Every structure is written in C-alpha cells, then in structure tokens.
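Going by the order they are written in, the chains are A, B, C, D and E; count residues from 1 in each one.
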Amino acid sequence: MLTIRNLRSYYGRMQALKGVSLHVEEGEIVALIGANGAGKTTLLNSIVGLVPSLTGQILFLNADITHQSPREIIRMGVSLVPEGRQLFAPLTVMENLTLGAYQRYRRKEKSKIKSDLDTIFERFPVLKERRSQVAGTLSGGEQQMLAIGRALMSGPKFLLLDEPSMGLAPLIAAHIFQIISQLHQQGTTILLVEQNAAAAFKVSNRTYVIETGRVVLQGASEELLHNQEVKRAYLGREYKEVWE
Amino acid sequence: MSLGDQLLQYLFTGITIGAIYGMVALGFNIIYSATGIINLAQGEFVMLGGMMMVYLTAIIKLPMVVSFFLSILIVTAIGAAFERAAIHPLKSPSVITLIIITVAASILFKGGAMFAWGKHTVSLSPFSGEEPISVLGATILPQTLWILGIMAATVALLILFFGFTLTGKAMRACAANRTAASLVGINVKTMVLLSFALSAGIGATAGIIITPIALMNYDRGTMLAVKGFSVAVLGGLGSNVGAVVAGFIIGIMESLGAGFISSGYKDAIALVVLLLVLFLKPSGLLGSRERAEFKKF
Amino acid sequence: MDPILQIEKLKKKFGGVVAVDGVDFEVNSHQIKAIIGPNGAGKTTIFNLISRICPPTSGTIRFKQHKINELKPYVIAEKGISRTFQNVQVFENMSVLENVMVGRHCRTRSEIFAAIMNLKRTRAEEKRIHDYSLEMLSFVGLETKKNEAASNLTFQQQKLLEFARALATEPDLLLLDEPAAGLSVPEADEMAQFVYRIREIGITILLVEHNMGLVMEVSDEVIVLDSGQVIAEGTPREVQNNEAVIAVYLGERETENANHTKS
Amino acid sequence: SIWRWVPVLRKPAVAYKVGAIFAVTGPAAWLGTPERNTAKMIEEEVNAAGGINGHPLEIIIEDTVGDATRTVTAAKKLITKDQVLAIVGPSRSGTTMAVIPIVEEAKVPLISCAAAEAIVVPVKSWVFKTPQKDSHAAVRIYETMKLQGISKIAIITGTTGFGDQGRKQLKKLAPELEIEIVADETYGPDDTDMTAQLTKIKASEAQAVVNWSIVPGQVIVAKNMRQLGMKIPLFQSHGFGNIKYAQTAGEAGEGIIFPCGRLLAVDTLADDHPQKEVLAKYKKEYEAKYEEDVSTFGGHAWDGLHLVIAALREVGPDREKIRDYIENTKNFVGTGGIFNFSPEDHSGLTKDAFEMLTVKNEKFVVLE
Amino acid sequence: MGRKNILSLLILAGVILALPLGLGNSYYLNVLVFVGIYSLITIGLSLLMGYTGQISLGHAAFFGLGAYTSGVLSTKFGVSPWLALLAGIFVTGGIAFLIAAPALKLKGHYLAMATLAFGYIVFIVFNQASSLTGGPSGFGQIPRFRLGNFLLRSDVHYYYLVWTLVIVVLLVSLNIIHSRVGRALRSIHEGELTANIMGVNTAKYKIQVFVLSAVYASLAGSLYAHFITFLNPTPFGFHFSIVLVAMVAVGGMASVWGAMIGAALLTILPEYLRAFQDYDILIYGSILLLIMMFLPQGLFAGILRLIKKER
C-alpha cells in the first residue's frame, strides 16, 4: 500500500531523515519505534506532505505522492493523528469532528459519516458529553481522544498514528489499542508510532526501529520483542521490577 | 421640536449611522473568521463598491439593478485578485506583516480609484425615492430602510454560512489551525481566497447602499475602515450579530453625543464607550472569551 | 512532618462542568506526591488553580501556611512554586539558554533603570543568571543545545527544557504535569531517576502522571481523582490494589499485563 | 532648429523658478488639483509666449498630501534646493500656517491659496494670499441675512482649519451685525450623517443655517436638512465654490446662498464688468484644456501666479523686489477680484470681491 | 550589549557627524531631522511591538501629546522649551501610564483597537480644546531651543540635537534589550501566561515598556514642535500611527536598528517620489507591498541575510 524509498527530509539545513526506506502492505499494522528525536514524527509528516523539503520517493497505492499537498494525499484515504493533536482549538468538539469528515461531506457520504460519528461517540463517550465544549478547553487526554476521533471521521483506508496513547489514562490507552485492533480487523491499514513499545509490539505485525533518521532494525514484531537489544533500548526494565 | 421628537430623531440618526458601520464591520468579520487577519483595506472595498456603482449608473448608464450586481461582482473579483497577488504567495506571514500588506493595498486601491474616477465626491440616487418617511415627528430616509434590510439579510446569510455550512466551518478551521485544516483535506488557500472575495463583495454591497446617504469619494475608505473595525471589535471579532449590535451602539452614541453633549466630541464619546466596554469585557460584547483565548490574534 | 501545601475544599466550575469538586489534600515537605486519575478528572485543573492560571470557584490553597489563592501567578513563583506543562510551553523563538534565564527572573532584582544605566552590579547579576541557568541546563543534559532556538528541540527536549526553566526559579514545590508522557520505558526510567535527584536538592514534588511505572516507582504517596473528587489516597501499593481505582483508572488489563510480565 | 543639437553654442536664458505647493493628493485633493492644473496651464502659456522677458518660467509643483510636516519639507526643498523666487500655495489654511515661519525666515515671498484670515492678519512681511477673506465672506452672509430679516442663526462648521477659522469669524462678527448665534455645531471631515447636529438646530430658534466648510460633508448637510424637512435657508461659505457640490447636492442644493468670487457666475456678469475678460478667458481655456468645470480654487492659483509673473516681469529675479512689488500692486484684476495690496493689507481684496450666489437648477447664479 | 552593537553605534555616530559636511543643503538636513524624530518613536515602538508583542495603533497621539504640551507651555505660558519638553515627557508618560493598565489587559486586535481609539480621542481633543491648542487651525510661533545663550535656529543645529538624542535613546534601548528586563519582555511576546507563571511580572513590564515608548514619542513630539514651530492636529492622527507601525514593520520589528531603517526609508522615499507627482502614492504603495511580501521580516533582516550569504 505504501512504499517509501530513500526518503530524506530536511528542516532548513538540518537533515532529519537520512534515507529511510520502508513499506506497508495492505491490511497490516506496522509499528515504528525509536528514541526521541529519531525522526518518527518527521516520517509521518513527510508521508502526508507536511514537510516541505524532501527527496526520495513515496508511493501510495502505486501513485507517487512525494510532492503532493496534504489535501491531495488526505483525499486518497490517508489520515493522520498528529503529534501535539493539532485540534481546532477555538471550535467545538462537534465542529472538530465534522471537519474530520470534510472530504467525505464533499463526496456526499452523509449516512456513512453519521454512523461513524455514532461509533466514535460510543468509543469515547466523553466526546459526546462535551460535544459543544470548545476543544481547546478539553483536558489533555480528552483532546487526544478528539484527535483520534477526528482522524477516524474521514473513514481512512490508511491511518497514521503518532503516539496515540500519549497522555491517556492506562484504561483508555488500553482501549485505544483495542480500537486499533478493531480497525485493523475492519480492514484499515495502520502505521503506528508509539513510545509504549511493548504495546506497539503486541498490536502490530511488523516493526521498524528508527534511530537518528535511519532504519536500523526491522522485522516481525514477535521476533523483535525478544531481541535483547531492542528489549534493553526500548522496553527497559521489566514491568515486574517496577511493580514489585 | 419637542425633546421626545428630538430623541427619536437622534435614535433614527444613530440607526442610520450604525447600520453603515455595521455593514462595514461584517466585511472585517469574514476575513477575520477565515484567516485571523484584520484587513485594513476593507474600507477600500466599500469605497470601490460605491464608486463603481456611481460609475456604472452615471457614466456607463446601466440600469440600477444591473449596476448593483455588476459592481459587487467586479469588486469581488478585485478582492480575489488582491488575495491571489499579495496574500497567496506568502509562506507564513506574521499578523503585523499582513496588516501592513493590507495597508499598502489600501493605498493602492485608493490611488487606483483616484486615477480612475478623479478626486471629486459623488452621489448616487437612492433606491426608492428621496422623500423622507416621517414617524412620530422624526424622519428617516427610505434608503436607511434599504440598508437595514440588506444588512439583516447579510447577517442572516453569514450566520447560516459560518454556523451551519461545511464551507463556513472549514473557513473558521483555517483561522484556527492551518496545519490541521490541511490535514483534514481543506484547501486552505482556496478558503482564504474565498474569504477575501466574500468580504470584498460584502464591502462593495455596503458601499453601494450607503452612497446615497453618505456620498462617496476615493478617500473615504480609511475612515470607514476605522469605524468598521471599531464596531467589529466592540461586537467581538467574528461575531456578526455582535457587529450589528455594536454598530447601532456606536451609531446611537455618536448621535446622542452630538445631540446632547457636543458635536465636536461625539466621536470621542462613542470611543470612550468602546474603551470602557473593552476594559470590562476584553473580548467584545458578543465575543466568546473562551474562544478568544485560543486565538493568537 | 510539616505540610508545605494544603488544599482545602477546592472547587472549580467551568460553566456546567465541575472540574474539581471539593478536593482536600496536603503535600509534606520533601515528599513526592502523585495525583492520578482518568482523563478529565481535574488533575491539570488543580495545578492550574495552584499556579493561579484561573481562580478557584471556592476553597483555599495554602503554601507554607499562607493562603495563596489570591496571589498573581508571578508572586506564586516568587513564593517558591514552579511547574511544567502538559502541553509544553517553551518560549519558542528564544534560545534554550534564554528560556532558562527567564526562569531565573524571579530570583534576581535589576530593574529597568539599572538596565538603562548598565551598572556594574547589573552586569554582575546578569553573569550570575547566565551561569546558574547554564548549570540547570547541564542538569537536564541540554547544555549542548544552549544556543538553539527552543522551537528546534524535539518534544522531549522541550520537556527537559521546561524542567530546567522551572528549576531555575529555585522552587520549593515543583508541579510536574505528565513528565513522562511520550517517553519510552527506558526514558521514563531515566525520568524517575531525574525526579529523585530533584527531590535530593530539597524540592518537594507534586506529580501528575499516567505512566504507572513511574508513579509507582517514585511517589511516596498517591491520591486518585475521579470526576474532580478524591476517590483514594495512600501509598502506591495501597492505591494500586484499590478496587475503585482499578475500575475507573487502571483497568483489569493493566494488572493482567503486569502479571503477564511477571510470569 | 539645428541649434538644438549644439547646446554649447545656444545659450538659453536662465529659467525663472517659481514654487507651488498644492494639496494634489490627500483629503483635499479636489482642491489642489485644479490649482495644479492651472499652474501647468499658465506655465505653458507663458513659455509659449516667449517666457518672461525672454526667460522661461519654470513652475515646480509640490504636493502637501494634506500634511503639515510634508508641506514644510516641500517648502524647504523649494527654497534651498530649487532656489525658487517665490512660492504660490499651499492650498489650505493649516498647511499655510505651517510654512509661514519658514518663508519668513528664508525671506521668500509666499502667496497662499488658502482662505483663512489668520494668514495675513496680523500682516507678515513675506506672506500674501489671494482668496477673499473669511471676514468679508461672513460680513456678506450677515448682510444678506439682514436684508432677508434674519437675526437668529445656527452655525455648523467642519473641524478643519478652514471651518474653524470661519467659525471664529462668524462668532466674532455676529454682534457687530446684530446677528445672534443660537446654535453652534461642528462635524468631522469624514462624517457621514449630520442629522443629529441639525436636529439640535431644528429644535433651536434659528431662522437660517450657515454651513462653513470645504469638505464634501457640506453637501450632506444640505441633504440632511432636506431629510429633516427644515425649510429655513441654508447659507454656505465660499468653500462651496465648486459646481460639483451643487450637482452632488441635487435637489437639496437648490436655493443655497453663498458668497463667492465672480468666476462661477461669469456668464451672468455684465460685459463691462472689469473682471469679465479675465474670468471668461480663464474659464474658457481651463475648461477646454481639462474638460472639467473651473472652480474658484484654481482661480486662486491663477491670481497668485499672475501676481508673481507680473512682479518678475517688472523687477526680475529678486525675492525682495518681488515682495515689494506685490505689496504695492494696485488694481490687479484677478479671478477673485480687483487686488489692491498695501503694507497694511496683504490680502488686497475688499468685501466687494464677493458676489452672493445661489443655486438654481444645479447652476450658480447671482442672488437677486 | 554586545560588541557588535557598540561598534554599530560608533559607526552611526561617525556617519551622523560627517553627513552635514556632505549635505550642506538644508532641505536634505531637514529630511534627516525628521528621520531622527521618527526614529525616536519607532525605536520605542519596536520595543513595544517587536520585543514585547504589544501592538499600538495610537502612538501618533503620544507624539502629539509631547508636541502640544511642549508647544503650548512654551508659547502660551512662557515656559522654557527644555522645561516644556520635560513637562511633555511627564504628561505623556502619565497619560500612557493611566491607559496602559486597562489597555494592556487586551490582546491582539483588541489591543490594537483600544490604542487606536485612544489615539483618536486624543486627536479629537487636539481639535476641540481650541482655547489651548488653537483647534484645527493650530498655533504658531513656538519658540526654539536655546543652549545657554545660543539659539538653535538652523536645520544643522536641530540635526545635531535630534541625532544626539537618537543615539542616547538607542543606547538606553539596547541596554534594556540586553538585560534581564529585555528578556522578560521577549518572554511576554512568546507566551504571556507562561512568562507570568515562571515569575515574570508581566503586567508591570508591559506597562513599563508602553510608558517608555510613549515617552520616546513625546520626546520626539517636543523636538518636532520646537523645530517646526507650528502645530495643528493633522500630523497626529490615525494615519500617522499607521505610518509609524509600517515603518517598524518595514525596517524589521524585532530590532531597534530595523526600526530606524524603516523610519529612514519611509521618510526619505516620499521625498524621492515627489518627482512622480500624483503617481507617487501608487509607487509608494507598491514599494511598501513588495517589501512586506518579499522581506516579511523587514529590511534589516533582509540586509543581514544578504551579508551572511556574501560571506
């Protein structure tokens, strides 16, 4: 579904990605892990066209989207839950959700939108409760839920998630991973950036490990989970030490 | 004239002036809602509308109705062209940069109008006669009723547009967060273009309907912009009902001020009221403080 | 044990939403206390009330026995409370070092006239601000970035920068709002060490966090908030096994998860 | 001619430089533009006729933009950079007052095209003016009122230099002429509606209204009076001297009475009137060249420039002599009237320079 | 203050000293006097807008308050111009202080409007309080400055006076910028609430910088009054407030040097354009537009970037 070849992204003179190649097959969940500043966000932003200066090639459904505008890429069925949420802060929760489905309204898929909205409200009852609250005044976690909800409103074929569990209570974070599995079962392809590596390994099929702008390791998530180096670098001390 | 009659007349005067200001303020609101910019060239759109209408009716001698729509159309196109030429190419301009760009544009529009139509003040015949209507000893011009009617219609349409249509929401989304707007597939640049075109159109409408009362010349825009801006801010930027209410408040303050206190200080009186309101309610009369907090400007 | 912060019957309403609903608790000196609870429970709001971003609807906040809920935010900083933010708020167009130097503001004196005259005393003070801030930067490990614009740091680095800035105010009480959000497990561990080190300097810490690993590891006491009310309070272990807390916050799966790793 | 290609051999006479400062752009552009046009026309005319005693005339025109600071700079440029022999202008009272200290110090004759009396009262040795005096306008208005049996009036003035000076004259002269001012209102140059002020006037006992301003707002006053159904006569100042105003006012303008130079009513002037020839010629030439109606403002520039030209012709390029010449000019026939200057009077006109005009069918005619 | 700034100041002082030698002509000096006077205002505005992030569309009023206080006191009450200048500073500073506290609670466009309204009210007072101000007609014969027995009368005298003050004001401003206070100002620009929570008394500094910038404008106003010796309200209206903001933006907001460059450009440019008669406003508008479009950070930043590229 997505193929990236030798992607280099720049912020001014700073090179954030130094030749990344990866691919995501239709129906997969692929996880992307890496330390802070490794370039994960940059990668996701590059895919949706938010990074203006890049070289290499990004193919989505066999179409070259390397230098297309975010709008065109979104129109092809890609959706991103961005880092830092990027809500429409002065607008209400409901307006944020409605705008999530902007492209679909343009395509007049009214009834699908309605049912998706219901599903989202079911998944995140808080959002329904706060539908007319100004988004900027939501609590951090509520905002994160809204960001996810908004991304889902576009009914994406390919969903990019940048640290979706950030700032969420454990119960909700677990809930999010459930939702990710559900979406996967319903046929959505997912590329997931996650700091909670254990959880990421658990839900994903394959994982790429990225360090200072390069892919340093890749493979089936099951396998990487048992890789000693990965364990040390990304899983840390085992939970039990913490809990005991 | 009895005091009561006078009072009523002041009220009518205030409503007339207020409606003019309110119309100008609506134009400010549109661009503000979609971009967060205060377009100081808004007054020039008003001027262009009025001058264009006079030109089409008096010089080209087109019928009123045709001229009316044609003027709006032309000014709308000018607004759109301005956006394409001067706003569109900018990458991520600061608010001050934008303000100065709109100031520069207003200089250009003013100069253009001066060359096109000269420096004289022009008038336009009212839409339906000049005979004042008298109500309980006070009089009001039929044109004022036109202004009120068209303003009411404009406000209603704008409320519907921004509150209920997807495009309207998308416009507000652009002002709130451009990155996010492009992430949900909104064509931000088109929305900005649309907002400039729309506000130019509304500005032109304002210019056309007020010219029979207020006259028009190439230099009129700045003052109208200042008044419109005051009214938009007093009402709460982005609030269209606020703009209308604030327009009437400023208009009535001015006319009562002129009537009962001092015509020299009437503008000052209205502005003092404006300042007091802002000091008590920093986001304007009908502006939402909550929303305002999440706006940079 | 003397309480450094005492919160009594604290309440905050936003329109119809009661974000904080009659909360009482105390924080003792040199303690690390954690507040946990579901999203929207009112944790950040409590922080906002303490640092007077918004006024409480009712209730009192005492710091070192003095009521502070009517003071201006900067006075509260001067009294010795500082904080970090859930959504990082660094001064983006200032350099990393300057960000920290702003934190030093409330511990220094030179005012505008001294600045205009550029007195010797002022220059000396400026040097002290500079040195102290640099020290704080190396404490969080950002000294190499000191001349970068803060906006060029990653999210995580910005969080560290907020730490340094908060520490530069020489607080007695530090409020940390989700310091570990977005951190990987090893990074969160580092953060835990970091929090310990801050306590060692003699700073009391009040912490909001969803990363249970961190909470369990560092905190002496935990209070659990739900819908603006305290539903449990105690040591990490007590709280962790509290039925109500499991039901509204931790969830069965999390405990399962822990068990799973254990086995 | 072939000499054109051999400039070294041809020795053109030195041009006489005269400065002109007009409000060509800015809020009073409609006032400065006819002045500028007139200046250009005169320059061409004089040079086509062989210049002044063989010297070409060079009129250097500067714009005030309606701003005192810019005007001062313009004057300094003319004086120090261009070294002009005399300056005509500025167009407006405020800007004229701003340049007076400069010409006085630099000793350059200035002939203002602005009306305010304060420009020449008290007399300043280097400053003259061509428009008729405010006080004369006020007196003429009051005299006309008395003939009509009016004794209680309301005044409404624009808050510009011109309006303000007019207001002062109206108030000063009222007691002498036994006129009582029962309402005194003002309006800003950009006001869109004066019904509030007029309502107040309507409620007073005023038997007539005097509107004194040059801004377009004076037309709105007429319209608003009509709206309020005020039947009392409306007098305007000489600032109304632009046929465009009468046209813009339309029906509301009918019957307005105002004092004005004879330029605008030249057609109704007797053939043997001493000004007739000058007026008719200026009007014809101006209207042919610029395809627009003459206004009294252009006439003020005409008078100023011709005074300077006459002086140059007689005394040559010497600032002091030009000043002296103008100060002693008698019976100079200008568009504004017959000028008789003296060391005590740098305005040179009497109140007879004014004719009382009225608006009839959107035209100016002499009031009977 | 860094070495670079000290060097720049020295260079500026040198240029200022030398310029009149090259430009004997009083017209050019006259223009440069205005550049200096306007620079005083824009330096203050750049502190207020560029550093602290607070918009003011009313600074022409402070300029006017300085000019009128100075002019009225010296002309009608016989106060010495220097004392009148000081009085202007106190009056203007006082008024700025009174409106600063409520006005600076406002943000963004609301603050812009409040300052605009204030400026307009002051303008109306200049027009209406005619017993003092002469109303729209204004008043003249304002005495000039004296140094001991020496009367400053020519443009050269004023040139040196004004530019000496510009250098002093620059020095003062640079000292503030590079101090603890300057840092606080910038933190307010970046995030007022955050700055407050981090211990910066934001209200105090905003008021201080507002008053300071008003005082600079007042100083400029007094110089203007005693230089031009005639005052009427027109130069102190809304239009000039906008021109001032444009000067700051064109030069580059975030630098006092930029503010000076802007003042110079927008004062000198119209003089060049005089030759174009009516077309000048079109050219002026276009140049303003193009600068803001292609150098949105202002000329100063643009020039710096060019210099860096050259290296």
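Observations on the structure shown:
The rule is simple: a residue touches a chain if its C-beta (ideal position, glycine included) is under 8 Å from a C-beta of that chain, and two chains touch if they have at least 3 such contacts.
Here's who's who by UniProt: B = Branched-chain amino acid ABC transporter permease.
Predicted model, so just to flag it, every value in this text is computed and none were measured.
Between the contact lists of subunit B and subunit D, the overlap consists of E. Here B-E and C-E were compared by C-beta pairs in contact; the pair with more is B-E.
Taking the mean of the C-alpha atoms as each chain's centre, subunit B and subunit C sit 47 Å apart. Remark: subunit C and subunit E have CA centroids separated by 43 Å (rounded to whole angstrom). Taking the mean of the C-alpha atoms as each chain's centre, subunit D and subunit E sit 35 Å apart. Averaged Cα coordinates give subunit A a centre that lies 28 Å from the centre of subunit C. In subunit C, no residue touches at least two other chains.
The multi-chain contact residues of subunit B, meaning those touching 2 or more other chains, are 114, 264, 267, 292, 295. The set of subunit D residues touching two or more other chains comprises 25, 159. Working note: touching chain pairs come out as A-B, A-C, B-D, B-E, C-E, D-E.
Listed in rising order, the residues of subunit E touching subunit B in the complex are 49, 55, 102-103, 105-110, 112-114, 116-118, 120-121, 124-125, 127-128, 238-239, 242, 245-246, 249-250, 253, 278-279, 281-282, 284-286, 288-289, 292-293, 296. The residues of subunit D lying in touch with subunit B in their complex are 25-27, 29-30, 33, 159, 185-188, 190, 192-193, 195-197, 199-200, 202-203, 216, 219-220, 223, 226-229, 244-245, 248-251. Subunit E contributes residues 1, 172, 175-176, 179-184, 186-187, 189-191, 193-203, 208, 212 to its touches with subunit C in the complex. Here subunit C touches subunit A in the complex through residues 14, 17, 36-45, 86-87, 152, 154-157, 178, 181-189, 210, 212-213, 216-217, 240, 248-251, 253-254, 257-258, 261-262, going by the rule given at the top. Of all residues in subunit E, those touching subunit D in their complex are 25-28, 30-31, 34, 127-128, 130, 135-138, 140-141, 153, 155, 224, 228-230, 232, 234-235, 270-271, 274, 277-278, 280-281.
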